[in-house]
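For reference, chains read A, B, C and D in written order, and residue numbers begin at 1 within each chain.
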Amino acid sequence: MNDSFILLPIAIPFIAGLVVLLISQRIQSVKEAIALLATAATLGLTITLYGENINFSIPWTGFGIDFALRLYHFSAFILVAASAFSFLFVLYSCSFMRDKPYLNQFYSYLLITLAMANGAVLSDNLVLMLFFWEGLMLTMFGMIAIGRPGAYKTAIKAFIIVGGTDLCLMLGIGIAGHLAGTMTISKISLPVDFLGSLAFVFMMIGAISKAGSVPFHTWIPDAAVDAPLPFMAFLPASLEKLLGIYLLARISLDMFKLTAGSWISILLMTIGAITILLAVMMALVQKDYKRLLAYHAISQVGYMILGIGTCLPIGIIGGLFHMINHALYKSCLFLTGGAVEKQTGTTDLAKLGGIGIKMPVTFVCFLIAAASISGVPPFNGFYSKELVYDAALERGTIFYLAAILGTFLTAASFLKLGHAAFLGKRSEQNDNVRETSLPMLVPMIVIAAVCIVFGVWNYLPLNDLIKPILGEERLAGYEFSPNTMLITITVIVLVGALLHHLFAAKVNGSGYKASDHIRHAPFLEVIYTKAEKRWFDPYDIGLKIVQGTSRLGWWIDRGIDWLYEDFAVQVAKGLSSIIKLAHTGSYSMYVVWSLIGVLFVVIMLMKSF
Amino acid sequence: MTNELPQVFWLFSIGAILLLITGFYCLIMTYNLVRALIGLEILTKSVTLFIILAGYVTGRMALAQALAITLIIIEVVVIAVAVGIVLCVYKNIKSIDGRLLRNIKG
Amino acid sequence: MTINIILGVSLVLAAAWTVMTARLLRSVIGLALTSMILTIIMFKLNSPLAAVFELSVCAGLISAIFISCISLTQRLTDEQAATKQKERFSKFWLLPVILVLAGVALYQVHIPLDFHLQAAPSESDVRNIIWNLRHLDLIGQIAILLAGAFGVVALFKD
Amino acid sequence: MLSPLLLLPLLAIMILNLPIRSLTQKLSVWVGVGLSLWQIVAVILLATGRGCTDTWGKFFTLGLSCDNLTLVLLMSIGIVTLTTILVGWQTIGGDKQRFGFMNLVFVAMIGMNGTVMLTDLFSLYIFIEVTAVASFILIAYQRDTNALEGAFKYIILSATATVMMLLSISIMLLVVGDTSFAAVGSAVKQSQGNPLVMFAVGIFICGLLIKGGVVPFHGWLPAAYSAAPAAASVLLAGIATKTSGIYALIRLTTSVFANNESVNSVLLLAGTISILVGAFAAIGQSDFKKMLAYSSISQVGYIILALGCGTNLAIIGAVFHLFNHSIFKSLLFVNSAAVETQSGTTDMNKLGGLGTKMPVTNATSLIAFLSTAGVPPLAGFWSKLIIVIALWQNGLHTYATIAVLASVLTLAYLLLMQRRVFFGKVADGLANVKEAGWGITVAASILATITVGVGVLFPWMFNSVLMPISSFLK
């Protein structure tokens, strides 16, 4: 195969994106067809490229910065995933985005995003990667901005946060390049001394903010409401996670020599644990379908960062497996959200309810994805989380507890979501709701099916996709048989979550009759009765605590938000008004300034005499 | 004559420097637009004197005179255009007070 | 030398008067006077051609431009002029002080003039330099005169 | 091929002003378009090594010279003049008015072309003054009070600048006995320790800084840029002040005033202050054009900063940024002209939602602002990158950091501009706004294409086009 084929995954979507932008809005179907064709072609191409090892390099700007691309297991894997998701989203958008304004921009942004993402994944040069990375930021900005009329505020917030963290990434790249003496990623191998760790932390900030971790997450929930829905499913839910975690994995596996005991490992795990808990608590109190999902999109990143942060092969495998799983089920969830929005016109949970019967396929897909994200066996989320738990337990019980608590709360919130949206009493205006159209259903079904496949036959992705990334040497001596004890704990936790939901539903009086048979089920009854007698009170208190901490989390969340949004703006405004006051408009004043300037320059030049 | 040269040079240099000070003082302190232009003229005179002086003491009188003549021609055009602008200002706001020309600030 | 000192002092005095007098017309006359003194100085400095230009253009043309400008704008009444004069004095009393101080201070300084001083007669003709050696400056002058003409047309039309 | 760049516009003015006005008034615009296009072609020819024999120049003693720096500037003069003429065509009503405007543009063209080609300090003063006088009149062309205010401030500050420059020239005459670049250059090199020479160098630089609008010499700039008629502000902001101030500064500091440590530190400081003051002042503006004016101050700061760094790479960055800046800042001003003519205001509080009404203006403005803010892969990113790299390599880490951080500020205020003018709800009374006329949209499209093209092709241009620029550094 010709080496320059490696350029095509970047070139095809990019050119298609430009073409789509130029086509008139009136011939909508042509646009859709081009977008579909381009993504399909990219997908096919990346699949054929899978398994190849290609190094491609042409001289670029000088200073040792070449246009270097490298295709190997890891990047090929991410390429396939990104292309597949794009294809499905275009298919979905064909139906969802119809009748929405700015359509031409949407498709071209999506295609260019794909091109940039492919470029960032393929590049073997830090500066080149940065180039694509920044391009991604632009298209992201554009995509949020074309959502609702008020979306600009969100877009700017996202832009500032992402721009700021990209600045960190730049700094990190600068330091790393300086230390290593080369910008070629595959040649860099740095020890984690003072400067090295500094570089790592800067690059890590860039990576995890792209993945949407705390404290760089605040734009995601806002974007969830403002941006077009396929965007949410596409960027924050899947593509950015892929990229962010890809970069994190690259820097922690290849570029830096991390060991399990280093403080960076602890730092990563702490960030992971905090992200899991903070975001999931936020999710629990949400009242909007999309916002709730968006907070989960943040929370799940915590598992990946935790997994990679353990620096144990099992954890890394778990983190990466979780990354791909998360991309699957979270995009599926967002797609169900889009279907619900399209059919009912709202994503407010208070106005939804009981539409599960009206939209059975969507509901089933939702169930599968929700079970997956909650870590219910035998769906895929369960297996990846198991691996992360295993690694976390090995590194410290506290991380394990955080992870398992996160699972509990995740399950609780999804029970709530499913109950409120699809079950329960149906309001009158939802009586005429129908199942959504085929192009929207297909991606959901496909993704849900993959969720099951990756769950039941989990050795397939593990052996063929994930393990080659780490290589044989690192894996030597590790077994990946599930730990029975951990599985048991998980199951118990999940059941607990279910019970909690039932009780909460009952106490809140939302009439969940289906709880009866579970209540009298032979084994559960024991636990259940116990729960009613002994566990209930602590439970209630526990709920209060959870809500209290959620509130606290909310304040922290808003505080971080304030720092980005108001503080910086106020400082800039203050300085600006001082400068404005100084410009009085009097020409003699300006002459005086100039003369003072002249005096100053002359003194500076003459002081050596 | 020759031994007086530095003294002559320095004497007129002082004169030119004082003209410079006068011109800038006028430019800064006055509000009247025409007077600001008169300040500019004084500055120009100071510079002309400098150039002539430089030519005189280095013996490049012809060059200095050529430069001075060019300079005078250019400055007269600038002043003419400036006076035109002042007159337009007067036509618009019936005043040549510089304090009224502070609409664009900040 | 005495004549030189008198010339220099009167140049500065004329300029100071130009700045400090209240009536614009007198100010313009002061400017013309400054110009004339400068002309004499230029003659003394062996630059007759430039001196002629200074006299005809600066003392003549520019004064004419200024006077026409002043006559087109509103004149002050005598009372206004009187109050203006007071105002001006409160604002400009500093100028003579500065001038005297700076003059005395500069007179005390003897800067090291380490360049080659020579009062040689002009090495070539002024006209030769203007017309034959500096064509670029000529083009510039033509351009700026054109610009001035367009400017006058643009600013004074109708 | 060099002297025609001066003489053809002069000839054009002469012929147009023959007493056959009824004919020439209609022709003037076409002559302008032809002249600027010819200039672009001539530059390309010169750059490829053809047409170097100067047939006309034999009849004159002009002392013109041409190196790669000159070519870059001539190119941007051609492009910006072309767009100015297109915008003027659209925005200035009446044949007679337009005719006068075109004449002044030609004069400005002579001034700028002369400035970049000459080799004599005094001629430099003359041609800077030609450009300036043409600019004064262009600013005041429509005779509204604000424009007159801007023009008057420019005259005062510009006169201050010329006094500085002439003072410096007279000292050079005193020390050197001549005013040509070569003579002054060698004399400055020999007399490094002479305080008088340093003083002369210092005030000349100050004069140029005033002309270029660098903080704290920038007082005239916001007024002049924002009050000028739409077409004039394109010329002024795009190229006129850049040639007379910044180009001259680059030329003098690199080839005449011998790379000097203390000069460099002055430039570094002035550049940094300009970047920051300009950016912060721009954030608080509510007037479209005034924001652009302050942005111009801030961008010029980058050029000065790079110049202060003094290495070859930095100067390439400065020249490249000068070119880019002239393109994207003209583009922004063309867009402001479109907004001004269509909506009748440049007050951003009264604007909004024009994006849907004026798609071309919206798109090109987006490109221009992203390029200004230094977002890859547009042209502005590369020049800023080169500047930052050069600063970093030279050990000026603080300045490099400030330069990077300030580009975030640039992004912030231009984003603000874009949002308040083009996005959001359509403001009251703007429901019937339409896209600007073809002249403006064509001009905007040309400039946008150049910005994008240079940005995308940069990696391939770097070695073949950009690096050779430094050949003038000898």
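We take it that a contact is a pair of C-beta atoms (placed from the backbone, for glycine too) under 8 Å apart; a residue touches a chain by one contact, two chains touch by 3 or more.
Predicted, not measured: the structure shown is a model, and the values here were computed from it.
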Moving only to chains each one touches, count the minimum steps from subunit B until you reach subunit D.
-> 1
Just knock out subunit A conceptually, keep positions unchanged, and give the connected chain sets.
-> one piece
Note: subunit C sits from subunit A at a C-alpha centroid distance in Å of 73
What whole-Å value do you get for the distance between subunit B and subunit C if each is reduced to the mean of its CA atoms?
-> 6
CA centroids of subunit C and subunit D: separation to the nearest Å works out as 33
Using mean CA coordinates as chain centres, what's the subunit A-subunit D distance in Å?
-> 44
What residues in subunit A touch two or more of the other chains?
-> 580, 583, 585, 587, 591, 595
Shared-interface residues of subunit C (touching two or more other chains) are 111, 115, 134, 137, 140-141, 144, 147-148, 151, 155
So which stretches of subunit D touch two or more other chains?
-> 122, 126, 129, 133, 136-137, 140, 143, 152-153, 156, 160, 174, 222-223, 284-285
So, with touch as defined above, which chain pairs make the list?
-> A-B, A-D, B-C, B-D, C-D
In the complex, subunit B touches subunit A at residues 24, 27-30, 36, 98-99, 101-106
In the complex, go through subunit A and note every residue touching subunit D.
-> 60-63, 67, 131, 134-135, 138, 145, 149-150, 152, 156, 159-160, 163-164, 167, 170, 174, 572-573, 575-577, 579-580, 583, 585, 587, 589-591, 593-598, 601-602, 604-609
Contact set on subunit C toward subunit B in their complex = 1, 4-5, 8-9, 11-12, 15-16, 18-19, 24, 27-28, 31, 34-35, 38, 41-42, 45-47, 49-50, 53-54, 57-58, 61-62, 65-66, 69-70, 72-74, 91-92, 94-95, 98-99, 102-103, 106-107, 110-111, 113, 115-126, 128-130, 134, 137, 140-141, 144-145, 147-148, 151-152, 155-156
In the complex, subunit D residues that touch subunit C = 6-7, 10, 13, 60-64, 100, 103-104, 107, 110-111, 114, 118, 120, 122-123, 126-127, 129-130, 133-134, 136-137, 140-141, 143, 174-175, 194, 196
Residues of subunit D defined as touching subunit B within the complex = 122, 126, 129, 132-133, 136-137, 140, 143-146, 148-153, 155-156, 159-160, 163, 166-167, 169-171, 173-174, 177-179, 222-223, 226-227, 284-285, 290
